[in-house]
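After this come two complexes, each holding chain A, first together with chain B and then together with chain C.
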Partner chain A sequence: MKHVIRRILELIIFLMFLSFVSFSFIKMAPGDPAMSMMKTDEVAVTDEQLNQLREELGFNEPIYVQYWKWMQGFFRFDFGNSYMTKQPVGEELLERLPATLELTIASLFIMVVVAFPLGSLAAIYRNTLLDEASRLFALLGASVPSFWLGLIFIHLFAVELNLFPSMGMGSWEHLFLPSLTLGLAMAAVYVRILRSSLLNSFGQEFIRAAKARGLSRPRVFFHHAFRHSLLPVITIFGVSLGSLLGGTVIIEVLFAYPGIGKLVVDAIMKRDYPIIQGYIFLMGILIMLINLAVDASYHLVHPELRIREVKQR
Partner chain B sequence: MKRRRLRRKSIVVIWLCLVLGFIAATYLAPHDPLSIDPTNRLQPVTLEHMFGTDHLGRDVLSRILHGAKTTVGTSILVILIVLSIGVPIGIIAGGIGGVVDRVFMRITDAFMAFPDFIVAIVLSGLLGPGMVNLMMAIILVKWTSYARLVRSTVIEEKGKNYILIAELNGVPPLVILFKHLFPHVIGNVLVLGTLDIGKVILMIASLSYIGLGAQPPAPEWGAMLNEGRAYFQLAPHLMVVPGLAIVLVVLATNLLGDRLRDYYDVKTGGS
Partner chain C sequence: MTRKKGFYIVVLCLITLLSACSSASNTSEAEGDKEITFLSNFPSDTLDPHLSYTPVRAGINETLVKINEDLELEPWLATGWKSNDNGKTWTFTIREDVTFQNGKTLDAKAVKKSLERSVEVSESMKSALKLDSVEAEGQTLTVTLQAQVPELPSELVHPNTAIVDSEEDDIEQNPVGTGPFAVASFSPSSKVELKGNADYWDGEPNLDRATFTFNEDANARGLALQSGDADIVYRPAFESLDVLKEEGSIKADVVPGIRSQLFLYHFGSVFKDENMRKAFDLMIDREVVAESTLAGYATAAGGPFSTELPFASNEEKAFDLEQAKKYLEEAGVEMKDGKAIKDGEQLSLKVLTYSYRPELPLMAQILQSNAKELGIDIKIEQAENIDEAMATQDDWDLATYSLLTAPRGDASFFMNAAYRPGGYLYEATGLNDPEITKVADQLNATVEREERQKLAIEASQHINEHALHSFIVHPSNVVAYKDSVKNWVTSKSEFYVLTKDLDVETK
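And now, the complex of A and B:
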């Protein structure tokens, strides 16, 4: 309980910090937001109009009043309207969020489908050709930029073979190439982690004990070795979920996939600050939630931690 | 010990070769990477243009060679800056300990919570896209893992007998630092730095591809892929050449880093 309260307090402090940082960056940023707002209409801007807009947006008020108002909006997830679409930023982001989540989940699925069998086989048949292949796969995965892999896939599957659409979203076919690109890049990391973690478990006493008890080999593997080996995988997974959020940005732009990543890159190009603000807030929250979830999942996978905590009390 | 020292020297030599190689590359370029020649656009591989030309008739080979300076040179520079920030901070935190160390750990925890890609995107969102902002973002994220590695090395070595003996003999702390601790620190840091170069190259190329890094017409490998994308069907070399350049360089640094890691038995990850 104490732990939970501390976490929530941390979250609030963190959000305050985030609101302060993004506010001060906006104030320091080059260019006049009122100007860029007007410019999107593609007509000549008069000084009078500019001043009127600045007054409307509250830019003429003292800086601390601006910050106070800004922070209030921040905590209500209200960042004003996008300069590009004139829609409220919160709505715009939440509208795009499902697409990004879809892509993330599909990529994770492909990652698991590729990495778990390959990593397990590499550990079981250690130092065979298969193990070498997994090593090569991991090395290439760490060296090939995901966007280039994506470009090759587009060229191969969409342009030459015409099997899958190269952009947009809507059906599973649209999801296939982006998530394959992202999933393969991730799988390369996990194959090696799972392999070394499994090898580590194989050498442990409890595996020998399980074998001595006459349990079948699949049971020893799945029930004992595999479960035990998942902890490091989950640890790294928690850390890399954040970078997965970054990875989706590249892939979304590459495949013109209408998720949050594409939205924010477009916003950056057009200096659409409200969208960027909303993105920062959303990412901050997401990263905090991910960290919480990773913490919680340790306890699920690793009963020792629970026992240790009980003992400490 | 002698062999170890020799190995350490050989890393420095390899590093110097890398840096010199990329500086030399710009002088080897047969053409001006920026000169436009509309009559020669999208040329396939010929003797005159060994990697063909792009949609504006620019020589791809020259752009690749100059791009090495942008992509690889920048990532080496980034790592060097990161080292010059992270190493002293790590030495201070590990050497002094106590409150300073606790504050340090808290700060690095906060920095490490943020994925580097997101920070880079957010910074270029707030400051505008460009190479300098991209570099700043990477430095902001990366210094923590070096500081942590150095800190844990210093703490580990500090407890060992040879340092105690040196202290008892009245060797001044600064001498202990530079003569005894520094060699351990440098080995570990060079390994991590070599492994990170590839990651930084990938990041710069990826973010330049989506337009948040190097801006056209600057020759940068990721940006070249972006510019050439519309012409891949007509001129596949625009896709193959810059991509292979990235893959080969990153592959080389990864292999080098892996070897070094195995040799020194360094635990990367920074904690």
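And now, the complex of A and C:
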């Protein structure tokens, strides 16, 4: 219980710090949304009108005053309205979050389906043709840019084979090509990590002991070696999950998949401060939660950690 | 064994769920209906017509005045307008027998509420329309402005002045307009599904349904057309056009656009000297720029306004490095050992550019290469936001820029933005030319359309004569579509996309 309260307190302090730092940085960057809001590239606007708008929006006030006003809204769970769409920031972000979550889950699923068997086989059949093939896959996956891979998949699966829609969202078919593009690129990294982690496990004493006890090969592999090898994979999994939830702009643009990444890049371009601030806050919470989950999962897959902690007590 | 069973059950559930998803997406289609999918490059987060162009483009909402394909104003929801006091007070007659998609009748009162909402929601419309008070009686709308706005009818072409039923609740997701299509569903930045409005005042639309989708990647748009996910694609990648045309079932439409790509000179630099500007104006081969940066889908610019506009100045701009050299010499530049020396140092200039329009950095490179032949060193700097960079930095000399100089068929926007004190381009470039400002002032005090056009031509000539800016090319609008699509018109203004006449051949 004590541990949980401590973690929550840490989370609140971290979020306060994050919000202040991000707020200050955003405001210190040159420019503001006044020109975008006024659509200066199509409507004749005078400098005077621009300054008046800046005044109305409070941009001329000191940063700490602006931050305090934002915080007052925050305590009422009001993140403000987007300058561009005039919609509440919370709604805008939550509207995009499901699409990003779907894409994240589907991509990770594809990554697991590809990387786990391939990485395991590469380790088991080390230095065989299969291992070389997995090395080639990893090399290609790391060097092929995802937008190019995406275009190739669209050409193959949508234009030539007509199996999946080339863009948009709405059904699982729409999700297939973007998640395949993201999943395969990620799988390339995981294949190598899992392979080397497994090879490391194979050399451990407890594997030899398990074999000596006469356990079957699958049991030794799945219950002992594989489980032990998951630790580095989980660590990177947490990072991948964070970056996927943060948005994958290139893929979102290519497949016209309206996720959170495109929303925030547009917001940055147009200096839509409330959206940027809301996004940073939301991501802060998500990343903290992911880190907590990763910590917890260490204990699950690695009994040694649990035992060590009990001993320390 | 039980574990295995559980696994199979989970897999079975997943397959059932996925197949349910896929069949659900097809249930809305009815046999024999005429339907079209339009794919554009301008995503929309909101359907609020006062913030987004999409509702007008998708035929949901309409404006009081429209701009036709000759780029002339014509009545739309207003049948006529006049001002008796040089543009301070305007009277509009609202079209009769027009109903909103919810059955309500369009009258001056509904227009008043919509216009008042527009200036309340949109800061840009507030400053463009300068509304003071609006009075409505029957079908007559009287608008009093805070200042003279002789170009008000042209401002009312702006899609953000579109008329919406302001009493409806969900304008951001489901605006109710008077157009040929009503919203069926909207997914922000993804798609708008539309249904034909059988009671449309100008005749029933040919299509039963339409989908308006977005994709910002030009290559992906072309592929969507090839795969059959779209029927009409706006601006496919230029390099993919030949491939698309090779498919017998796809047509491409190339229409001259009204956008201008230009070089802006910073008047706080060496370009204060007219001879320097004239020299650089001669350093660009506009035909080469059109060919190499826009694959030939552009026309060489002879001034600020596209030749499609009634007030364009059809000058031919020369590319002449020898003449450029002479102007440089007049500006005090000496040629020594192949280097252009000014004030004892090699002439070294900074060009600001930005990547949002990929042809602009290329345009800067062409200038860089031509200037090098004359011994001028040019450094190219990419700005994330060009407007911000120009306004906040002092050390730039030139900037590549792209602008709709007459977005609503009138020159006043550009004249005010670039040539009058307070205009954002005027302030950013530090331009100071009392003569052109005088023309802009005259334009702001002239209501009569022909007089306005004459003033715009006069301004163009002055701009060209003194090389205040160098206009390079006008990119074309390119649209590719299936040959089953009928009555497609590529709008020069880019405001009108889905129309009542648009049709599709059903198989």
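The working rule: the second predicted complex is superposed on the first by the 258 of 313 C-alpha atoms of A that agree within 3 Å, B and C clash if a C-alpha of one lies under 4 Å from a C-alpha of the other, contacts with A are read in each partner's own complex, and residues count from 1 in each chain.
We adopt the following convention: a contact is a pair of C-beta atoms (placed from the backbone, for glycine too) under 8 Å apart; a residue touches a chain by one contact, two chains touch by 3 or more.
Keep in mind the model is a prediction, meaning the values are calculated, not measured.
Visitor: Regarding the shared-chain residue A:139, is it in contact with chain B (first), chain C (second), both, or neither?
Guide: first
Visitor: What is the contact status of A:159 with respect to chain B (first) and chain C (second): first, second, both, or neither?
Guide: Both: A:159 reaches chain B and chain C.
Visitor: Just to be sure I read the superposition right, which of the two partners does A:269 touch: chain B = first, chain C = second, or both, or neither?
Guide: A:269: touches chain B and chain C.
Visitor: So in the superposed three-chain picture, is A:98 touching just chain B, just chain C, both, or none of them (first/second/both/neither)?
Guide: A:98 contacts neither chain B nor chain C.
Visitor: Answer with first, second, both or neither: which of chain B and chain C does A:172 touch in the superposed model?
Guide: second
Visitor: Touching A:117, do we find chain B (first), chain C (second), both, or neither?
Guide: It touches nothing on chain B or chain C.
Visitor: Between chain B and chain C, whom does A:46 touch in the aligned arrangement: first, second, both, or neither?
Guide: The answer is second: A:46 touches chain C but not chain B.
Visitor: Scan A:151 for contacts with chain B and chain C and give back first, second, both or neither.
Guide: both
Visitor: Residue overlap on chain A between the chain B contact set and the chain C contact set?
Guide: After superposing on chain A, chain A residues 30-31, 147, 151, 155, 159, 253-254, 269 contact both chain B and chain C.
Visitor: In the complex formed with chain A, which residues of chain B make contact?
Guide: It is residues 113-118, 120-122, 124-129, 198, 202, 205-207, 209-212, 222, 225, 229, 232-233, 236, 239, 243, 246-247, 250-251, 254-255, 258 of chain B that touch chain A.
Visitor: In the complex, go through chain A and note every residue touching chain B.
Guide: Listed in rising order, the residues are 22, 25-26, 28-31, 139-140, 142-148, 151-152, 155, 159, 242-243, 245-247, 249-250, 253-254, 264-265, 267-269, 271, 276, 279-280, 283, 287-288, 291.
Visitor: Could you please specify the touching residues of chain C with respect to chain A in the complex?
Guide: 18, 21-22, 24-25, 43, 45-46, 48, 51, 121, 123-125, 127-128, 158, 172, 187-191, 213-217, 219-220, 223-224, 226-229, 384-385, 387-388, 392, 403-404, 407, 412-413, 415-417, 422-424, 427
Visitor: Which of the residues in chain A end up touching chain C in this complex?
Guide: Checking each residue of chain A against chain C gives 30-31, 35, 37-50, 53, 82, 84-87, 92, 95-96, 147, 150-151, 154-155, 158-159, 162, 165-173, 253-258, 262-263, 269.
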